[in-house]
Amino acid sequence: MIHVGIIGYGYWGPNLVRNFFSQQECNIKTVADSRPNRLEDLKKLYPSIKAVQDADEIINDPEIDAVIIATPINSHFSLAQKALTNGKHVLIEKPMASSVMECEKLIELSLQKNLVLMVDHTFLYTGAVEKIKEIIDNDILGNIKYLDSTRINLGLFQPDINVLWDLAPHDLSILRYLYNATPYSINATGISHTDNGVENIAYMTINYTSGFIAHLNCSWSSPVKVRMMMIGGDKKMIVYNDVEPTEKIKVYDTAYQLKTDEDKKQILVDYRVGDIYVPKINNKEALASVASDFITSIRESKLPRSSYIIGLDIIKMLEAAEKSIKNNGVEVKLS
Amino acid sequence: MIHVGIIGYGYWGPNLVRNFFSQQECNIKTVADSRPNRLEDLKKLYPSIKAVQDADEIINDPEIDAVIIATPINSHFSLAQKALTNGKHVLIEKPMASSVMECEKLIELSLQKNLVLMVDHTFLYTGAVEKIKEIIDNDILGNIKYLDSTRINLGLFQPDINVLWDLAPHDLSILRYLYNATPYSINATGISHTDNGVENIAYMTINYTSGFIAHLNCSWSSPVKVRMMMIGGDKKMIVYNDVEPTEKIKVYDTAYQLKTDEDKKQILVDYRVGDIYVPKINNKEALASVASDFITSIRESKLPRSSYIIGLDIIKMLEAAEKSIKNNGVEVKLS
Amino acid sequence: MIHVGIIGYGYWGPNLVRNFFSQQECNIKTVADSRPNRLEDLKKLYPSIKAVQDADEIINDPEIDAVIIATPINSHFSLAQKALTNGKHVLIEKPMASSVMECEKLIELSLQKNLVLMVDHTFLYTGAVEKIKEIIDNDILGNIKYLDSTRINLGLFQPDINVLWDLAPHDLSILRYLYNATPYSINATGISHTDNGVENIAYMTINYTSGFIAHLNCSWSSPVKVRMMMIGGDKKMIVYNDVEPTEKIKVYDTAYQLKTDEDKKQILVDYRVGDIYVPKINNKEALASVASDFITSIRESKLPRSSYIIGLDIIKMLEAAEKSIKNNGVEVKLS
Amino acid sequence: MIHVGIIGYGYWGPNLVRNFFSQQECNIKTVADSRPNRLEDLKKLYPSIKAVQDADEIINDPEIDAVIIATPINSHFSLAQKALTNGKHVLIEKPMASSVMECEKLIELSLQKNLVLMVDHTFLYTGAVEKIKEIIDNDILGNIKYLDSTRINLGLFQPDINVLWDLAPHDLSILRYLYNATPYSINATGISHTDNGVENIAYMTINYTSGFIAHLNCSWSSPVKVRMMMIGGDKKMIVYNDVEPTEKIKVYDTAYQLKTDEDKKQILVDYRVGDIYVPKINNKEALASVASDFITSIRESKLPRSSYIIGLDIIKMLEAAEKSIKNNGVEVKLS
């Protein structure tokens, strides 16, 4: 039995509690939140769970094996550092931390202590992303040439982190999981419609040396909710529409392929437009799989799917994007 | 009666012929195309029109008042220059020419000769764009904060011009018409999946000093055809979906508005999500209005809606975008 | 404080428990279900509620004021009869009972005992139906001429009741609520693709003396889920698409109106196609309003929105439809 | 070379002229229409075609081999009878004639004279219907259990024929082509919102002895245009949405199948929900194939796809539907 404590019972916390509650071989001992009314809500539904205001009661509890951190991003590092130092396995809400340096410190600590350090990039565990991964791994798409994602809605303007830090982690985690390579550089542009200079609309191009390209369009200022991702291969292409209730993924037997010709000056492209295939998707709750992967990774000392490696790469990309956006879109190379 | 000649009977030529044919006070005297089979097609449908292979038969014909140039972009300048020199009014297919310098020479010539110089940005005459313009002019949207456009499909890879030169003129003309200001700078990124370095996917951010921002996503490599534009104001927002057969424009009573507060550190945003309104749109053929505007502008010596001013600004933006894309996305200021 | 007991913890029971649990001035004392595993599920989530296998423990409990019956339809009558006899207010899952005679007996009993007798036609409490009701009551549609509803999906074939008894109560309750009149007659056709003669596809026309007509298309055998209702007035028309997440209701400024002319032989119809208006809808949970209406009706001795009057009329229509379908679609008049 | 004459240059006539004009081995000699302005329009586009006001100039012209009748339905019989009598092959716009008796007389005459008698059920030649036919013929769907079609829009109220005679021929021709059997009986209901008793909304159930069922929903009174057909087999099911520009057909790997069990009282149904397949469809112009089939049938003395057999069966169904609708929905058996 693995005993866990959950820090933060805000928007996402109840989902974490519900899903870890129904995990086998797992016991939620304590939930911490500084707001008394949040704890009242918790106690009504889960009278068996200990509710505390001070996160240290979790971090210092010798009976607790693992800590889940679901607080605002600026507290991720300090809480995770203390938990790891105290020998706890750690699952952090996305994004992992506020900077690459913070992430690297946490990773080093977890390796020293031989503890699981996982980031909750929930999307990697959805039926849709699992199906796309399977399609790509089975070489249905051929060589992947681009990924293009639009993630926009009327969103809560956040005072301290821009729209990329808020929304792009979803796209970047999917990108990083599906296309297993570290990008070469980032360009980003955007605008702040508030006085504090925090961008509410931003665009991000992710460049690779391979000829693959990714682009994200993120906005808190759209009247409609769009969650649309396209992935183009030289054999087939996928359109992944996450707001569609059932037909989320469409695989298009559509491609353009360069023909080899003697005269290099001429462009010969083979076009193909064919049938479309809409695979059935497992519509399980992704967070249950996150919980299961975390518990299993602790028990088997294995790397979870949503590992610190993916978590770190996302922070690298976000940091580079922010640097680019503040320098008028200049290309920022990833170290 | 205004006598016109049309140079180029390829993809767009038949539409031009059909629409100018049914214009009052207008007579198509001659159509030129170097390909005999194209002329055969013309003669079958329009036995009354003179079909010639050599464009000079039009340009040098003293009976012809106006010339319509529907040839590939690289011949726009020389044909238009000759026609203007010979005293003909000129309508050029979009984009106006291959460079800002070419455009400026044509403009100067037309001003000297007091001739109409118009560019066929057909979209400006569609019922949808006219309705959006009307909504904006009536201050329904309030201050416009952004325009975001996606124009992607499986398109013919062109050997000499990139996807921005091919597709973006549509978006840029609409942008320029709806938001009557010259941008400050351009950032563009993209990729070429062919050996010749011509981008088949490209992204373009258009920056303004006012805090307004525009962004275009153009691709020849999408399995689906998307024509989606969003225009956000601080009172209402528009989603314009051009592939929708009837409900092309949706006006969302949705907005975010900055609240003034004493403490400038805090961000107070007022959100509003309300009803949606789908105005009925005139589904006339836009090209008929283009033809009519050209003929009327000649007769009344007036500036057409799709004027050389708009045409030139679009070339300025395209030129800057190309410069940016070739310099890793660096910001390029418009002179 | 009103003490309630809930009989039946199957598919709908957990929703009832959750919603009555959060009602003010209401206490769920006991839940009954004959299946031990269902009671186990209940106790895990609600340790404070008494879980019993025998419904009589609820019906005979003098502390319980009101009973909610969420069992299969064939037990509705006997359970409701016993509960009313014992002086309990009763809320029954739709449809009210298996026959008009059963309904009439329950109604008589409730009137004698001065008890609330309500049927859970949840749809009447959705934001969408409330908005449509408001639009109609404000005479936006004008005279209503037709209602047409399609409610199809791949549904569980039920062994004892046909698809109309299963799905049509939703449409019939909305119809009865929006168009406050008793129909004149019913025609129904359908087919059974199983050996037991229970129709899995059925069509129902509901005739009125006023010239209004309603039609339902119900099926357990569709590959897609459709929930589409149209309501046509002589001023405007509504399309209500319940599978649409946000834009459920569209009001079309479209109408056809008969013009008066001297010569009665000629048909003069005025057509109008105009704008579309998509009102914002309250997306509350409807069942919370059902619970609230039940509790309030008990406290204030008032008739709930989803009254026995509506409940009875629906059974009248279903009974007539079944008679029609078994007699090759012959018109069956409602007594 | 086959010389044809076309009678009627109204809504559909120009499409017929355009398509027969581009047929090989076919020459349109004459077009007749009593309205001078229609003939003016014709002459502008096709100066080579003889334009006459009197249909007899076509019917009595010995040089004309085949006559196409595109007039209102009430003149179909007399024109076709005269043309056949004069030895002309005949293509009639749908529906074939006003009654079964008229159809039978025309068929008899065509057989006596050994002439082609074809009805223009254009839908049978669309890429979509051809693809569905191919799917069914390849036994992809298994045993077909139902066809359900909705064909509604804001349509022109016709003074003499009801909405079924106007719209249902499309569905009935597809039904008859895809499911090659004569139905057993018809039920129909509907309503007239005008004073002349002509139904503008109508519903039609088509019963077969095999356990297959078809249902049509036709209306001139809908604010939206719907063209939706479902075809359910016991292996797979098709949804055919004709207003969708590209993805018209979706094949669902969805089925319900009765399991055999000893105890006949129990219903055991196997459900399956799987992938969806969207076949690419040939988006040719269907009317070109109609023209080609007519010409080929004349040259090869073969039965066209859209034969008089299908044409007659449709009139049988329409006649029965009208009888049913006027008798309160009573079942009308097809002789």
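Think of it as A, B, C and D in the order they're written, each chain with its own count starting at 1.
Quick note on the criterion: contacts are C-beta pairs under 8 Å (C-beta built on N, C-alpha and C of every residue); 3 or more make two chains touch, one makes a residue touch a chain.
From a predicted model like this one, the values you see are computed outputs, not experimental measurements.
Undergrad: Going by the touch criterion at the top, tell me which pair is linked by more C-beta contacts: C-D or B-D.
TA: If we tally the C-beta pairs in contact for C-D and B-D, the bigger total goes to C-D.
Undergrad: Which chain maximises the distance between its CA centroid and that of subunit C?
TA: Result for max centroid distance from subunit C is chain B.
Undergrad: When the C-alpha atoms of subunit C and subunit D are each averaged to a single point, how far apart are the two points in Å?
TA: That gives a centre separation of 39 Å.
Undergrad: What is the distance in Å between the mean C-alpha positions of subunit B and subunit C?
TA: A distance of 54 Å separates the two centres.
Undergrad: Cα centroid separation between subunit B and subunit D, in whole Å?
TA: 42
Undergrad: Going by the contact rule already set, what residues in subunit B reach two or more other chains?
TA: Counting only residues that touch two or more other chains, subunit B contributes 273.
Undergrad: Can you check the complex and tell me which residues of subunit A touch subunit D?
TA: Per the touch definition, subunit A meets subunit D at residues 247, 250, 253, 273-280.
Undergrad: State the interface residues of subunit C toward subunit D in the complex, per the touch definition above.
TA: Subunit C reaches subunit D through residues 145-146, 148, 150, 152, 154, 156-157, 159, 185, 187, 189-191, 193-196, 198, 200-201, 203, 205, 207, 211, 213, 215, 217, 219-224, 230, 232, 237, 239, 252, 254, 256, 258, 264-267, 269, 271, 273, 328-331.
Undergrad: Of all residues in subunit B, which touch subunit D in the complex?
TA: Against subunit D, subunit B makes touches at 45, 47, 243, 245.
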